[in-house]
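Notes for the one structure printed next.
Per-chain numbering from 1; labels A, B, C, D and E assigned in written order.
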Amino acid sequence: MTNLLILQGLNGLQFGVLLFLVAAGLTLIFGVMDVINLAHGAQYMVGAYLAAAFTGLAGNFLLGLVLAVPVALAFGLVLEWLVIRRLYDRSHLDQVLVTFGLMLMLNEGVRILWGSAPISVDLPEALSGSIPVWGTLRYPVYRLAILGAGLGVALGLWWMIHRTRLGMLLRAGASNRAMVSALGTDINRLFLLVFGAGAMLAGFAGAMMVPVISAEPDMGDTVLILTFVVIVIGGIGSIRGAFVAALLVGLVDTLGRSFGPILLRSLMEPDMASQTGRTLAPMLIYILMAAILAVRPAGLFPVQR
Amino acid sequence: EGVKVGVMMTLSGSAAVLGEQGRDGFLLALEEMGGKLGGLESEVIVVDDELKPDVAVNRARELVESHKVDVVVGAMYSNVQMAITGPLTEAGVFVLSPNPGPSALAGAGCNPNFFAVSYQNDQPDEVVGAYVSGKAARTFLIAPNYQAGKDHLTGFKRTYTGEVADELYVPLDQMDYSAELAQIAAAAPDAVYAFMPGGLGVNFVRQYRQAGLETIPFYSTFTVDEVTLPAQKKDAVGFHSGGDWAPDLDTERNRAFVAAFEAKYDRVPASYAAHAYDAAYLLDSAIRAVGGNLADKDALRAALKAADFDSVRGEFSFGANHFPLQDFYVTRVAERADGKFQTQIVEKVLEKPVDAYAAECPMK
Amino acid sequence: MILLRLQGIFAGYGGSQVLSGIDVSIAAGEAVALLGRNGMGKTTTVRAIFGLIRPTSGRIEVAGRDMTGAPPFAVARAGLGLVPEGRQIFPTLSVRENLIATARPGGPWDLAKVVALFPRLAERRGHLGSQLSGGEQQMLAIGRALMTNPRLLVLDEATEGLAPLIRAEIWDCLARLRAEGMAILVIDKNIAALSRLVDRHLVIERGRIVWQGDSADLAADPKIRERFLHV
Amino acid sequence: MRLSDRAMLVTFAVLLPMPALFSAMGEPFLTVVLTRALIFAIAALSLDLILGFGAMVSFGHAAYLGIGAYAAGILAANGVTGLEVQLPVALAAAGAFALVTGAISLRTRGVHFIMITLAFGQMAYFLMSSLSAYGGDDGMALAGRSTLFGADPFGSSLRFFYVTLALLAGIWALLRAVTRSRFGRVLTGTRENETRMQAIGFSPFGYRLTAYAISGMIASVAGVLLANHAAFVSPSYMGWARSGEMIAMVVLGGMGTLTGPVLGAIAFILSEEALARLTTHWRLPFGAAVVLAVLFTRGGLLGALRGRR
Amino acid sequence: MTPALSVRGLTKSFDALKVSDGISFDVAWGELHAIIGPNGAGKTTLIHQLSGSLAPDAGRILLGGHDITRLSMAARARRGLARSFQITSILAGLTALENVALAVQARSGSSFRFLRQVARESALNDQAAEALAAAGLAGAEDRSAGTLSHGEKRQLEIAIALAMQPKVLLLDEPLAGTGHRESAALLDLIAGLKGRLSIVLIEHDMEAVFALADRISVLVYGRLIATGTPDAIRADAQVRAAYLGDEEGA
């Protein structure tokens, strides 16, 4: 039982870290630049497809990953240049609609290019297998690699936003673009790069996941909602908040699903318990979000404005 | 005056793979027949139900009211089937299902104008349940948390005589199953039974392999089939499934079908394509039998019921409730010489079973 | 050398034209006041200079280079610093970050000198911009512009909401800056203080420069003050 | 008369003879499609009351559509087909759900409000998905069309169309009155500047909650209609994507006006239907259309109309 | 007679920063009480606490003898406490008249009325128009408030406050950003209100303060260091050192 608990804890953390990887890019775009980007999930999907396609060409996942990331970046840059830059002065609702349209287009575009069937990629040889974690307990190496990548991105991003001038300019530009420009910074180029970076992070997350979950159309949609949940629970614009919230959501979801029924069974009859469990499980994170927002309307770590 | 056929499949969204198989199977048959059905010129209207029942009902009504179709071949998913069958049959249209065979339409709610060219939904699971009974004493069950998931596991449990180690329901949109796999590992069952259709199956099977659980025998329905195999590849080899058909089913008709399908679409057909292909020939036979007189619905119904066509599945006939009487097999995934993957028949498990609901159907 | 030259600038918002042919030139080291009643186009002139709105016609030169239609950051990099109307400090940045985020080294001004000028900012160093009082925000806006080490400092109502003591300090500071050779374009209500600082006054009325002269002229001509400024 | 009102009267005048026109064209089915658009117009109108006039962007509004649909579906399954029972039950259920979730949601603002309404919408969705007795995820066919004191208002597609049109007109007139009343002015004032409203002595919460409940109740009427239109109820009416589509209708049409949502809903449904007939890849051109429409019009369709004058 | 407004031991800190440090003072009926002090002294924070948008850590606020410390902003407004904002706060999408009519509506009858058209309620409109005219905005009734010039918005703020018919009016730097002519008009308006209601005025324009105030309190970093008549304050050496300096005191 303790072994299972530890294992599920690790699984929850890993799910949380994955959510954070996707949410990280969105924190830049939504939290810092204040653009609601519903196409972010689709960019995650594009990353997965790119990695799958390049792996197919190169015959090696790591090479595929290395090729996919810059292309995801380029893709983000083009998207910003074509569409997103016209949205900075628009209302949140206009942003929602335009990026919703983009999301539809990307999902459909992927289907036209690669078809509806899932595409998968083999685990890289070096990262397959598992290592001992605790006693007899073992954990897959690749999932530990995902954990590591997520932690690295979290630290790097936090440092970038809070400790560099680039981060300051970004936060400044989010609230007043014209003023940043009037003080001598090319804010358009800065936003272009940041959006590109956000897209790259989303693509990186998708690429990292493709050996575990296969690339398929619409795969970004659920992740998208979850990442918005994460960002809002954490406090919009807060890297630390997003990280904590991602882990929280990952743990609550994973542990709730595996231990919730056991808990319920001790409270009520087995039939009733499994029925209730099935009803509650998919709602868990929404209940979590509603509860957190009801108590802390601006999230766990609100950024003061 | 020709015959108008509506083909309603899920053709958009991630669930479209199944619908594309169904559509392609039907169109292949039609092409083989030179665009004619039972000697009549045919007009085929392909519509997408988007896997949304309300959208599907509208498209169905449009097929009736605008296009005045005689027959609809569709749908791919049970919920859509349940939504469209009523409105269509009330309007006097015949509905041929290439995949779903919901229990509600097999029992008391059976419908004179509805024909399942596939199977009753529970049957593939009953087949696997019966097969696993002799092989594993404790089996772990997993399915997505929706109505069909519950139904399929119920079907399995109906014939499975061993002990159920545990039963897990996962969200439909979940992609990472590490937590479930950990639970399976902890339970250490003798076998796993999964109903994880489409993309769910792709991820589940690959992660099952990655987690090193392949020592636990894997049985399933709709989880490893020709739709998912191109993505699962080697990871699914040796995994079991159950059904009424496999590409290697040894009938002449089937060999021809598989060869023609692969030649035309460059992929291995799945059962969805095979059923839709059969539906086209069934329709052809019935129209021919009534001499092209589509107005005589009773005659057409009788002709459909007679199922006087050469099925890819070999012997094929309809029971009183318009559900098939046919053989069922357990299959196993194998890699072919050309590097493609397909399911192959391991053994015939049930011979022309009558589905569990047929007795409640008032039709004789 | 002429640092800034506006020739026949026409500009406005949407359909409405606010500036109808503004001509201004400011030489290096010169201090100029822009006077006018509410809504006459002072701020709009500043916006046009900085490329924050695009003139419909006319020409803007900074240090001899054509800057018409240039983006704001290019104008700023050419040596112009802005203290905007309404402060416009960055609310989510701390006081320190507000100062250093857009700073450009290469001149006399750095963090140490700015906080020496406004000790209050040093006390509030870690606070967010949004948490400052109105007057503190004004200090921050001035400090932020100085940190870009401009050759021409543009101040739009920079003493609004400041306590009398601080206001006096700012005027002293501007006088010092001027003495050190920085050019200044200043918009303010306080004509007495302006007159002590600047070489030249420009009076703007309905988008046109209607009067120019030095402080002595302005002092000598109560009609001007009455007619255009309602003093 | 305001442009918005004039545009609405023109719209009604154009809609009125449509069924006759469609049958003359030999395409009577288009009446059915148009009816569906009008049902969504009612839903979009209801959403606009809180979104356009109250700045409350609900991302869970489809839940009310579902509540209405299930009220009709569940009652019909138990043999109660009278609208005289179904409608009050739908309104009461929607009102109760709105009061409870609204009271919690209205503690938040802006994006947080969007997300917490999404959360409640999803909870309602999953709750209905788990109702095995009523079809669970698969939904269920409507056991019988709704009646009204024994009459059959939805009996033919023609009657259905005019009943829907009449309801739409009635709800439009009702909302027009509400938005111009004392209550409506407080609501718009709160949209503009909540602190200012508090400073002059209004406590916005009660007004916002009332508007939220009215909006949810009206949406449930659309839900009852939708159930009858599709002859089917399903949790898929309640998912977040559907809520998003409703927001799109309002914003594309022009929020904060009562004509905009109606035009937006009609345009949205009709272009979706038209594109879906052309290609299964209709989402690509549809997405592009949405992107271009928002980028190149401000204030939605009605805004474009206004700009052209 | 009980004072119109009395403040007792008001205390408020932001983390380590004490912005209100045991502030006590009274405002008599009809009095104009000015509060001056250096930037960041805590004047705006004081107004926030009086109006109810910020809760004090300790202390009490009495309006006409009734304790209102715990009441919400709206409840205080309904009891006769009105404020203007240092940063203009109006309903930009509504017309000037609607802005003011809402203030009238707030104190006259229920607003849970759903069907009658509010624009036709002449009682609201007449009172609103009157307040607009009093604030010098006659003729601007139908202009959208967002398109008013900065000075006109300040006048609108005053009109809204007037329409509330408050007993106590809190004004936070009403003259900031207004031109010479507009400030002159505003000064006249405020002078005309004196005696009819009690006013707390915060302003850095010393000319205005000394011309209008009956009494002046000086707030320096959270503490009231002096209260007195304008002449007494002008002469106070401590005040000159902390705030006035020499520039404009004269």
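One rule holds for everything that comes next: a residue touches a chain if its C-beta (ideal position, glycine included) is under 8 Å from a C-beta of that chain, and two chains touch if they have at least 3 such contacts.
Everything quoted here is computed from the prediction, not taken from an experiment.
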| Topological distance between subunit B and subunit D, in contact steps | 1
| field | Shared chain contacts [subunit A and subunit C, defined touch] | value | none
| Chain located farthest away, centre of subunit D as origin (C-alpha) | C
| field | Centroid-based (C-alpha) most distant chain relative to subunit E | value | B
| Cα centroid separation between subunit A and subunit D, in whole Å? | 31
| task | Compute the distance, rounded to whole Å, between the mean C-alpha positions of subunit C and subunit D. | result | 51
| message | I'd like the Å distance between the centres of subunit B and subunit C, where a centre is the mean of that chain's Cα atoms. | response | 75
| Quick one: subunit A and subunit E, Cα centre-to-centre, how many Å? | 48
| note | Note: subunit D residues in touch with at least two other chains are 129, 281, 283
| For subunit A, residues contacting two or more additional chains | 108, 111, 221, 278, 282
| In subunit B, which residues are in touch with two or more of the other chains? | 12, 16
| Chains touching one another, given as label pairs in label order | A-B, A-C, A-D, B-D, C-E, D-E
| request: Please give the residue numbers of subunit E that touch subunit C in the complex, ascending. | output: 14, 37-41, 43-45, 86-87, 149-151, 173, 176-182, 184, 204, 206, 242-249
| request: Give every residue of subunit D touching subunit B within the complex, in rising order. | output: 27-29, 32-33, 36, 129, 132, 135-141, 157, 226, 229-232, 234, 236-237, 276, 280-283
| task | Spell out the part of subunit C that touches subunit A in their complex, as residue ranges. | result | 50-52, 71-73, 75-77, 81-82, 84, 88, 90-93, 97-98, 100-102, 104, 128, 130-131, 144-145, 148
| Residue ranges of subunit C in contact with subunit E within the complex | 37-39, 120, 124, 131-136, 138-139, 157, 160-168, 171, 189, 193, 229-231
| field | Sites on subunit A touched by subunit D in the complex | value | 36, 83, 86, 90, 92-94, 96-98, 100-105, 107-109, 111-112, 221, 225, 228-229, 232, 236, 275, 278-279, 282-283, 286-287, 289-290, 293-294, 297-299
